[in-house]
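Shared between the two complexes below is chain A, which has chain B as its partner in the first and chain C in the second.
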Partner chain A sequence: MKKIYLDHAATTPVKESVIEEMQPFFSERFGNPSSVHRFGQEAVMAIDKARKKVAHFLGAKEREVGFTSSATEANNLSVLGAAGGGHVVTSSIEHSAVLNPCKMSSGSVTQVPVSSEGVLRVEDVLKEIRSDTTLVSVMYVNNEIGTVQPIAEIGKAIGEINKKRKKKILFHTDAVQAANYLSCDVSELSVDLLTLSGHKIYGPKGVGALYIREGVTVSPVMYGASHERGLHPGTENVPAIVGMGKAVEEIDFRKGEEVKRLRDKVIDEITSSISGVTLNGSREKRIPNNVNLAFEGVEGESLLISLDSEGIAVSTGSACASHSLSPSHVLLAIGLSDRMAHGSLRISLGNETTEEEVDHLISKLPPIIKRLREISGR
Partner chain B sequence: MKGNKVAVALSGGVDSSTAALLLLKEGWDVSGVFGRFVDKTEKQEEKAREAASAMGIPFYVVDLRLEFKKRVVEHFTEGLKKGVTPNPCAVCNKNIKFGALLKELSSFDFFATGHYVRKKDDSLFIAKDKDQSYFLWMLKKEQIKRSLFPLGEMCKSEAYRVVQSVGIEPASDSQELCFVRESMLQFIKDSIGSLKGSIKDKEGNVLGSHEGAFFYTIGQRKGLDLPGGPFYVIKKEGNTVVVSKDENDLYCNTLELESVNMHEEVSFPAEVGVKIRYNAPLCKGVLHDKSLTFPVSQRAVCPGQSAVFYRDDKLLGGGIIK
Partner chain C sequence: MKKIYLDHAATTPVKESVIEEMQPFFSERFGNPSSVHRFGQEAVMAIDKARKKVAHFLGAKEREVGFTSSATEANNLSVLGAAGGGHVVTSSIEHSAVLNPCKMSSGSVTQVPVSSEGVLRVEDVLKEIRSDTTLVSVMYVNNEIGTVQPIAEIGKAIGEINKKRKKKILFHTDAVQAANYLSCDVSELSVDLLTLSGHKIYGPKGVGALYIREGVTVSPVMYGASHERGLHPGTENVPAIVGMGKAVEEIDFRKGEEVKRLRDKVIDEITSSISGVTLNGSREKRIPNNVNLAFEGVEGESLLISLDSEGIAVSTGSACASHSLSPSHVLLAIGLSDRMAHGSLRISLGNETTEEEVDHLISKLPPIIKRLREISGR
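Moving on, here comes the complex of A and B:
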């Protein structure tokens, strides 16, 4: 059976060129970057090279980029380490890697609702800002419905507010789902903190990066030696960092055009061949590789298992939230009923996704939906 | 058959792992599925995943905690409150395992479990060892049609050997009700609480008091704490526990049935083999439309429990004792 992977928002395969770049750093050039000798020097230079690539991608200075063990860690640093216990403004569709650190923060948190299109309105964010607000954290692209948030506009507006404030508000964005297709230039976006992940961009798992604007103070959330300016204590994961650098270097926004064409084909064909289907989230303000559809009268879990037994890998909601009984907070936030949220499917395409694979999905889905609807008696 | 897709309900125990292995050996396209019915099943889930991984088969988890709570646990506690002793396993098989779970697995041609029961021509038969057909009487024909029971011809000891031969270290199979964490007593205290009532004799004389009739079972002798005993619990009337010193009062030779479900067509009255409890031996009975009579009277018949009918080793159906 042919295996078709359409779950790139969960994770992406590591590119050959990335594996090649990482390979020497497992056993041949295995040194500890903190060591004085040449083994150590080799490793530290490799990390610096990777840092340079990430900094270049972000339009940032090298010293503004730190590596972490995951995007979750970078988000924890942003919320717990940068907010300083002040009031945090975030969105109602944020990933749990931001929402849960917010819950652990000593300050109060406001979650700004989104429109039924799954997009934040800048003015809604601004009106929640208080005198004790220290951080605004808004994801660049939602991981479930792929909607693109107005980061640059929010960043600019916060900049204006900051001009009149002594204690500046910091602006953080979790850009893990955006980096493949959208500019993450920190000046364009006017962000102070930005999170990236290795494994969402055809790099390895177990590595993330955090951009911290020069002059911004972030306190550690873990304590140890002074690796990555003390923000990520623990010996650097050199092969993964090297891989992340290479993966970032190879990001090519032009790939988004073909992915978007295939995405639109999936949306158009499925919504026309199957009745009772709606696209969750805005179609216009959407990342090129995300499709999220709600099927009336279908249980998402059975649909997932049915497709998997046909060799097609997709997901309901986010991979991190699967096995949870409560429906997706993102889908509820855009106004779906519990039932429709349970009947939703996320199809996320990749740069290597072919037309043939997409056609296979388009032809397999209608009979499965028909069967599941017959069973549920609707 | 060969190459057909089958989902096996894996619990992490010996039986379900063996069932999956037997099907694999027969050439089926096997997937494992773990039904999450109650909280805190991480250990079992891990064992089931390990078994699937050792067999190299896909593994899915289906979360049915809400359905299970509503349709099994609450049904059970409601029954206890009404003074009957329900059979939650039979209800779970009908509504959850072969109900909601089977429905989730509609992309598979068949659904298999580690129940010890034989299936032939869409009828169920008593297994060679450890028979569990008693718990399957509530199933409908279409549920049986889609099911496979690879263990019907196996002994438990053989099952152990089969799984150990491929290096699976199974968890011990569940004995108690899966949703009862500590003791049944504690479960009832936590989920129902207490309800004061009296203990009377057959003539209606009050002999003592109790904290809830649901704490008592028919036939119970110990723990009554009444002077001048021993007494037996012979029946429950609402929240009143009726006791007697005469053990003969525990025996009856006729019982009323409700919710009868027949797998096979029979014409009444029919001479059948009957089980009135899982562990009870098969006894002779005559089945009428909505009642059973026994040539030899039976001890401690509990309302709410299942009476299951057989002809030779064929499962005919069952009903709930009124």
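Moving on, here comes the complex of A and C:
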């Protein structure tokens, strides 16, 4: 049975060109970047080269880019290390890697609600800003419903507010789901902190990057020898950093056009061939590779398992919450009932997804839905 | 010029068998272990297999082994996550990945001094234990001078003390430098927490393991989606975990015999052919692959660079502190003067180190030392 992977929001395969770039750093150029000798200096140069690539992608200076062990670590550094115990404004649909550090933060946190389409209104963010607000953290693209948030507009508005303030409000965005298809230029977005993940952009797992605008101080969340200027202690994961640099370098936004065409085909065909299906999130303000559909009278989990037995890999909510029985906080935030949230499915396309694969999904889905509805008697 | 790597305490090359084991997990079996579908379940099984191997090595239960992004993270979890704000007893020669979290801990910390040979006395540890002590953390093998600490004896003694206490004292050991050559059986050692590192045992960078005895609670240092049972949030680094499992499986203590023979040859030949050289640390209580020598009238840094220009990679202190100008805290702790500490060199052999390589070092060193002493006029 051919396996069809349509869960690219959970993780992506590492590209061959990325694996090739990483390869020498396992057993040939394996030095510890902290070592003074040649093996160490080779590793330092490799990291610097990767840093240059990431900085170029972000329109940032090299010294503004730090590597971490994951996007989760980058988000923790942003929330726990940069908010300084002040008030944090965030959205109700953030990833748990932002929401959970917010819960642990010593300052208070305001979650701004989103529209029924899953998009944040700039004015709703601004009206929550208080005199003690130190950080605003809003994800660029939601990982479940793929909605694109107005980051540049929020950034610009915070910039205006900061003109009248002594203590500047920092603006962070988790751009993990955006980087394949949308500009992450930090000047365009007016962000102070931005998170990237290796394994969401056809690079390796075990590496993230955090952009930190010059002059912004971030306290570490772990302590040890000073690596990445104290931000991330522990020997640098050189092959993964090299791989992340290559993956970032190879990002090609033009791929989004074909992905978007296939995405729209999936949405159109499924919503027209099956009754009682609605698209979760916005149709327009949506990342090119995300489809999220609510099926009336169907358990998302059963649907996922049925599709899996046909060799098609999709997800219900986010992969990170897949073992939770409670309905997705994102779907509840856009107004879905518990029942409809439980009946939702995320289909996330990749750059290598073919029309044939998409057609296969489109043909397999109607009989599965029919059968599941018969079983549940709905 | 042939390159000779004698800095295995800083990092080790990844073995070919380990790279092979990791390979499929980059682009074929690349799933996110949190995903419910087959790609995800393949990843879960791969992690479980690796966990089984590590548990077997430690004589532990599988559920007592967690994977982290580094040994530094495992040490941070042990100190910040397990001490619970109580008093911590540690040694004066710990790695900064233990000493620095200790500094950030909300409880007080006592650093126990070591003998001039760099070995901790069990009674010196015990006498620092107070009624509010919650954690004792002592490294198994020192990363600079290779001294082996009496972990089993300390563990046993703490066990005796715990019999009379309501709130048990936890015992942690950083076994990063020990695992290639010494038993890390957690029952023999009577430890509650034990840290391993992938890249010190011919496995990959970017992965560590933490043994946590059943019943012991460790709070996370980062927050996000619950992976590794909440211990380490963020998508698991599947290839690195798989590689770590394989590396642990292939540990063969018998290799220590030949390594020890070569180590002793290095020590004997250098101390007899060059005047004013002393061995730092104990001759007997020493890991098989570590040589650490103090050269009178020589700057360790100059020596390192001279050797590097001959293609021989060694280090002064630990790699992790290599960019610091202050003398090694470990060498000062065993009573060396600033000057002698600055004149020290660490030569750490590996399992693949050959007699030819060692002979090359032995022949190159005397003329270099002679020249450096002439330059400095000492």
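As a working rule, the second predicted complex is superposed on the first by the 378 of 378 C-alpha atoms of A that agree within 3 Å, B and C clash if a C-alpha of one lies under 4 Å from a C-alpha of the other, contacts with A are read in each partner's own complex, and residues count from 1 in each chain.
Here, a residue touches a chain if its C-beta (ideal position, glycine included) is under 8 Å from a C-beta of that chain, and two chains touch if they have at least 3 such contacts.
These numbers come from a predicted model, not from an experiment.
A.B. asks: By the touch definition at the top of the document, which applies to A:Glu299: first (chain B), second (chain C), both, or neither?
C.D. replies: The first partner, chain B, only.
A.B. asks: On the A-aligned overlay, A:Ile161 touches which partner chain: chain B = first, chain C = second, or both, or neither?
C.D. replies: A:Ile161 contacts neither chain B nor chain C.
A.B. asks: Let me test your reading of the model: by the given contact rule, A:Val216 touches which partner, first (chain B), second (chain C), both or neither?
C.D. replies: A:Val216 sits against neither chain B nor chain C.
A.B. asks: Any idea whether chain B or chain C touches more of chain A?
C.D. replies: C
A.B. asks: Does chain B (first) or chain C (second) touch A:Leu279, or do both, or does neither?
C.D. replies: So A:Leu279 meets neither chain B nor chain C here.
A.B. asks: Between chain B and chain C, whom does A:Lys205 touch in the aligned arrangement: first, second, both, or neither?
C.D. replies: Once the two structures are laid over each other on A, A:Lys205 reaches chain C alone.
A.B. asks: After superposition on the shared chain, which partner residues are touched by A:Leu372: those of chain B (first), chain C (second), both, or neither?
C.D. replies: first
A.B. asks: If you stack the two complexes on chain A, which partner ends up touching A:Asp308: first (chain B), second (chain C), both, or neither?
C.D. replies: both
A.B. asks: Name the contact category of A:Leu126: first (chain B only), second (chain C only), both, or neither.
C.D. replies: neither
A.B. asks: Where on chain A do the contacts with chain B and the contacts with chain C coincide?
C.D. replies: 301, 305, 308, 323
A.B. asks: Could you pull out which chain C residues touch chain A in their complex?
C.D. replies: 3, 5, 7, 10-16, 19, 26-28, 30-32, 34-40, 69-73, 75-76, 95-97, 100-101, 103-104, 199, 204-208, 221-227, 233-240, 301, 304-305, 307-308, 311, 313-316, 318-323
A.B. asks: Taking the touch rule as given, give the residues of chain B at its contact with chain A in the complex, in rising order.
C.D. replies: For this pair, the touching residues of chain B are 5, 31, 33, 36, 58, 60-63, 65-66, 103-108.
A.B. asks: Under the stated contact criterion, what part of chain A meets chain B in this complex?
C.D. replies: For this pair, the touching residues of chain A are 299, 301-302, 305-306, 308-310, 323-325, 368, 371-372, 375-376.
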